[in-house]
Amino acid sequence: AVSVAVASNFLTPLKAIAKGFEAKTGIAVKISSGSTGSLYAQIAHGAPYDVFLAADAREPKRLEKDGRGVAGTRFTYALGKLALWGRMNEDPRTALLQGARGRLGNNFRLAVANPKTAPYGAAAMAVIKSLGLSPKHLVRGENIAQTFQFVWSGNAEMGFVALSQVAGVKLPGRIWTVSPKMYPPIRQQGILLHEDKDARAFLAYLKTDAAPVIAKYGYGREEP
Amino acid sequence: MTAPPGALDLAPLWLSFRLAGVTLGVLLAIALPLAWWLAWTRWRGKVVIETLVALPMVLPPTVLGFYLLVVMGPEGALGRVWRALTGSTLTFTFAGLVIASCVYSLPFVVQPLIAAFKRLDRRSVEASCTLGAPWWRTFALIVVPGIRGGILVAAVQGFAHTLGEFGVVLMVGGNIPGATRVVSIAIFEHVETLNYEAAGGLSLVLVAISFALLMATFVIGGERARRVPA
Amino acid sequence: MTAPPGALDLAPLWLSFRLAGVTLGVLLAIALPLAWWLAWTRWRGKVVIETLVALPMVLPPTVLGFYLLVVMGPEGALGRVWRALTGSTLTFTFAGLVIASCVYSLPFVVQPLIAAFKRLDRRSVEASCTLGAPWWRTFALIVVPGIRGGILVAAVQGFAHTLGEFGVVLMVGGNIPGATRVVSIAIFEHVETLNYEAAGGLSLVLVAISFALLMATFVIGGERARRVPA
Amino acid sequence: MTSGSNRTVSSVSNALSLDLSFRRADFALEAAGAFPARGVHAIIGPSGGGKTTLLRLIAGLERPQGGRLVVNGRTWVDVQKGVFLPARKRATGVVFQDYALFEHMTVAANIGYGVARRSRRAAVARWLTRLDLEGLAARLPGELSGGQRQRTALARALATNPDVLLLDEPLSAIDAHLRRRLRARLADVLGTMDIPVFMVSHDIDDVRALADWIGVMVAGRLVRAGRRDDVFDTPGEVEVARVLGWPNLLEVGVLAGDRIAGRWGGLAVEGEPPLDTAWIGFKPEHLHLHSRSGQGIAARVRAIAEEGLIRRVTLAVGGGGTLVAHRPADVPTPAPGSRVWLSVAPRHLRFMGEGRVLPGAASPTCETPRLGKTA
Amino acid sequence: MTSGSNRTVSSVSNALSLDLSFRRADFALEAAGAFPARGVHAIIGPSGGGKTTLLRLIAGLERPQGGRLVVNGRTWVDVQKGVFLPARKRATGVVFQDYALFEHMTVAANIGYGVARRSRRAAVARWLTRLDLEGLAARLPGELSGGQRQRTALARALATNPDVLLLDEPLSAIDAHLRRRLRARLADVLGTMDIPVFMVSHDIDDVRALADWIGVMVAGRLVRAGRRDDVFDTPGEVEVARVLGWPNLLEVGVLAGDRIAGRWGGLAVEGEPPLDTAWIGFKPEHLHLHSRSGQGIAARVRAIAEEGLIRRVTLAVGGGGTLVAHRPADVPTPAPGSRVWLSVAPRHLRFMGEGRVLPGAASPTCETPRLGKTA
């Protein structure tokens, strides 16, 4: 069996992928999810995972450097895509620009993920900066899931979320898929934590056979 | 993030203590009468209330926070009432944090108080009544000193727990520096970003202040029954 | 993920109740003597212990969990001792969860017990002694019934809080299905993956079972002093 | 003796009248009476008879299931009309049987608790002195001995100048020496009060020294109420005589004309005894011993005890009974073992009902005092 | 009177000997004595004198700062050697002044608590009967009246067959009627026991009926210990006489030959009074009233009270003092207001030290009983 630690934003696609992998190879996949930061801390303190799928490149890099990951196995399994979700019927992009010019009320809230902890947050901040928005309307979710919840529950009128969260789901309002040129790439990297035949097989599957599933859930692939 | 790199940003600390203090005040005001009633009533349905009060404990804070976010949001029941009354939203504000913390910490304040009220010597309350004391005098001079131990536990639990809580606060507060970015969130953030040194530093300050505060509470509160002179 | 889609996976629920039960048992075994000693000793340093016991409350659970992870990890002090004794690691196991939960819930169990012990009628203990009862008989027949209210609060808090706790458990346990994936983590995960229906369903089951359990506790524990017949 | 002797009638109307019924588990209480503005009413009776419960009903600490309680023209309780004045609005001073002191307050703070702020200092000082508590003002009740605790409770209740004073065994834990002084002080204090005082007591000496009236409670019923000396002289019911400690009670077996008889022998009485008589009784000082036969009941001297001026003679009569005679110490008394004959002057014989059994006694023999006592 | 009279000496050695010193805040206690295996020792004295503390020291509930306590040859306490047997290993039966019942246990469970399982049932049944508690076996203490609570405590202590019995006012909350019966039963029970019994009591009647020996504690010191009748007859210290309720105590001012005098006048005594005499006292029954002058101290009758066979006469003497005389009720007594002259037969005069002041009394006048009492 393969034990996979996965950043929670990729949990849903991973479940689908694991099913396919199990069907194909007969190898069971055990999934543990969490925030990238906690998973890293656990791995650093001996957690029994075989594979780590982070939301970022930072943690896998560090693991590789520390020798806790198998050198040369680190790769980008998915590229995160940023989306702006607004609950109003206007084009969220237009509305956001109006907000930038102070035409939205004081109660206007724009949800973003914490740029320090979530790569989607850093990406969102880059977009905001390029649009010249003031940070006073921002509310921060600790991760991308929480950011989604702020908008979903109506507490924020708009939010920068992951495309994977909103693609193919029926939600109120409208969505603008942010051009990837406006933010640094969100590289979600994975790494093998120790030598294991099954784990390698899983990584290989993730690189190849899983591509359509990953795309279906709203992630991109890095051109090799 | 206004703090210079390397230096500790202590604003969240101050915010946390303010939140814990206000929450404790509100909670005591709610919990004292509630616990009194629960301890003395003979109404058979009271266990249902007792149980309901204890329930927030069993839900993971983040999940509780999620439901609070829904209820307190602009489309939630509480959020709508609040907006009608004050004109502003409840989530992502200090007031919202206080309400959320109250829900979360209520059981930790009510339960020790119920236990204390149940053990209160009924006869000294009766004696106070026969001496003509109005209820508030009986309450302040006989009941409160009589449940000192319970109040101490309730206060320590209510305060410390609100300090340490972060799931609910994160959810409802939105981590807004200066407004809702409390110290628990700040520390958590440091851990998540693998900035263990900053996390350790901030934790240390929090623990040190809390230690001093709690110790003072125990020293004062733990004294043998204080003499009330004539 | 062995559960069929749509159906609720109830294994985490069972794991949670097992964890809460074991933790409560361990905690009572530790907390009863500790609280007894803290309530009666005249040692001036005891406030320090009291404060230390209360301190875990002020740290965000995830942060506390982080430090526990460090201490209990294979290179941590506790982890090394454990490995020397048992040959296995402590983190990411059920035993590790129990230890972590104990640290986290200790204040919620010790504090109501201290308050109860302080209010215990010393004279009935003296009477039991003069009647020749050995200490365990005095403890079981006089002390424990005398602090029933406190034990009730301690048990409810210790149990419910362990059920709902997830920050520490997530950190130390690592969300491993069947071993450390307790219900609070499962619900949290559902919320994180925007599967609000599953989160709601599982929460409802947890709340319903807890409600029944707590209510039963309150009904039994809240009764007027039970008659101990000859 | 000390108290009340020099009082004048202050009012013909009653300061307190009650007619209450109360039930709790297997205990039921029925009490009715009207009491003048002045006077100390001792409530006596066997343990568990309901004395404390009656005081609690008056203080408003128990809620009766039926009846009325009116004090100084004000209705405190009227169950039918739904009136129930809470305890704190009733100006009662209560000394509880178990003190119920405020354990976290000093003695001084306890005493001053019910006193208005402006007069508190003076009142505390006065009552500390009156009850010999001067040195203890700053102590906590937990640091007092039993007697000191009770005196503090007494001072606390008296300091409020209540409309009705309720004392549940106020002197029971106080030693003989202090008791004598406290009794006298209590009498002085009560003498200056225009209020009814109800005092539960187990001590006949306290009752003698302090009470003007006596009410006897047995099994929840006020079986006898009357002037102290009347009750002492004529208990009325055998239960009452028992409570008063009469040692000589004889069950009446045969009742014929002016002679009554039982397993103990026979006695002549003055006139015919009332039909509901079940017992006769007499005080030990009225039992005469004769050394020649033919005079009353035959008996044998069992024991003799000297008690100061009095010699207490225990006598065995027929049927296994025991009688007690008091004799002056300076009169020769037959030695233990001797055979003697006993007589009682007919005017000292008291007829008594079998309180609990006779239907005539089911409603309390409540010869309620209606006038303040004159000198 | 009832108890002890028919006892035989069972042992010459002492069952219990103590010599303890104890301090707490502003209170210090010093007590020493040796007590035989049989006999009831009444401990009397003013409130706060340390009676309860002495019992607690024996029971092991207080730790003395110095001294020894040996029971049946076994050392319970030896402070110098560091011996301190914990309370539960001392076979003491204790009835606390405030009962200290187990509130969550039934009356039966309370009584059976200290009894071994196999004999528990029988012991409970026996003690329920002996103390009139039959119907209450299944009640909780909270549902009992004051007297019922105390009887339960008494039964609980007696049921363990202790080596030493410690009773802190065992009868104080029990009414006169029941008290007489309980007293007799207690006397029976104590009569069958081969152990020393220490009983704190405020009631001189209880002491008279139950005690063989008396110890008087004043301000933490055992100022007098002796056979009951000796102490009653010759208090020795004025403090002791006060505790015993002697109403007639006169401070001695002038001491010359066989005459003593004070502000109240002068009296002739037999022989010379001891040099440390500070007071004289006598019992009220020994005070004689004369209607002609020239005989003793001049006085005026203040009040007369009838108490059964006795008439209690209160007399005002010179210097503002008051004396009390008891007179048989059948002897004519001068009316209140009359002038009388008082005398006491010299053999009834008792000389007393000023307990607390004289250096001679600093170590307790501890004439400790060393032999079981004979009939």
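For reference, chains read A, B, C, D and E in written order, and residue numbers begin at 1 within each chain.
The rule is simple: a contact is a pair of C-beta atoms (placed from the backbone, for glycine too) under 8 Å apart; a residue touches a chain by one contact, two chains touch by 3 or more.
The UniProt protein names, listed by chain, are B, C = Molybdenum transport system permease; D, E = Molybdate transport system ATP-binding protein.
None of the values given here were measured: they were computed from a predicted structure.
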Open item on the list: Please report the smallest number of touch steps linking chain A to chain D.
Closed with: 2
Task: Interface with more contacting C-beta pairs, comparing C-E to A-B - done: C-E
Open item on the list: Need the CA-centroid distance for the pair chain A / chain C, whole Å please.
Closed with: 35
Open item on the list: Can you compute the centre-to-centre distance for chain B and chain E, using the mean CA position of each chain? Integer Å is fine.
Closed with: 57
TODO: Between chain B and chain C, tell me the centre distance in angstrom, where each centre is the average of that chain's C-alpha atoms.
DONE: 20
- [ ] Two or more other chains in contact with one residue: find those residues in chain C.
- [x] 62, 66, 191
- [ ] Could you tell me which residues belong to chain E and also touch two or more other chains?
- [x] 98
Task: Touching two or more other chains - residue numbers and ranges from chain A - done: 38, 41, 149
Task: Listing of all chain pairs that touch each other, if any do - done: A-B, A-C, B-C, B-D, C-E, D-E
Open item on the list: Per the contact definition, I'd like the list of chain E residues that touch chain D in the complex.
Closed with: 1, 25, 44-49, 51-52, 97-98, 143-148, 151, 168-169, 172-180, 202-204, 208, 242-245, 247, 283-285, 303, 305, 307-310, 312, 326-330
Open item on the list: Taking the touch rule as given, give the residues of chain D at its contact with chain B in the complex, in rising order.
Closed with: 59-61, 86-94, 96, 98, 100-106, 108-109, 111-114, 120-121, 124, 137-138, 140, 142, 156-157, 160
Open item on the list: Using the touch definition from the top, list the residues of chain C that touch chain A in their complex.
Closed with: 1, 62, 66, 69-70, 73-76, 89, 91-92, 170-171, 174-177, 181, 189, 191-195
TODO: State the interface residues of chain A toward chain C in the complex, per the touch definition above.
DONE: 3, 5, 8, 11-12, 15, 18, 30-34, 38, 41-42, 45-49, 143, 145, 148-149, 152, 165
Open item on the list: With touch defined as at the start, can you tell me which chain B residues reach chain D in the complex?
Closed with: 121, 123-124, 126-135, 138, 141-142, 145-146, 148, 225-230
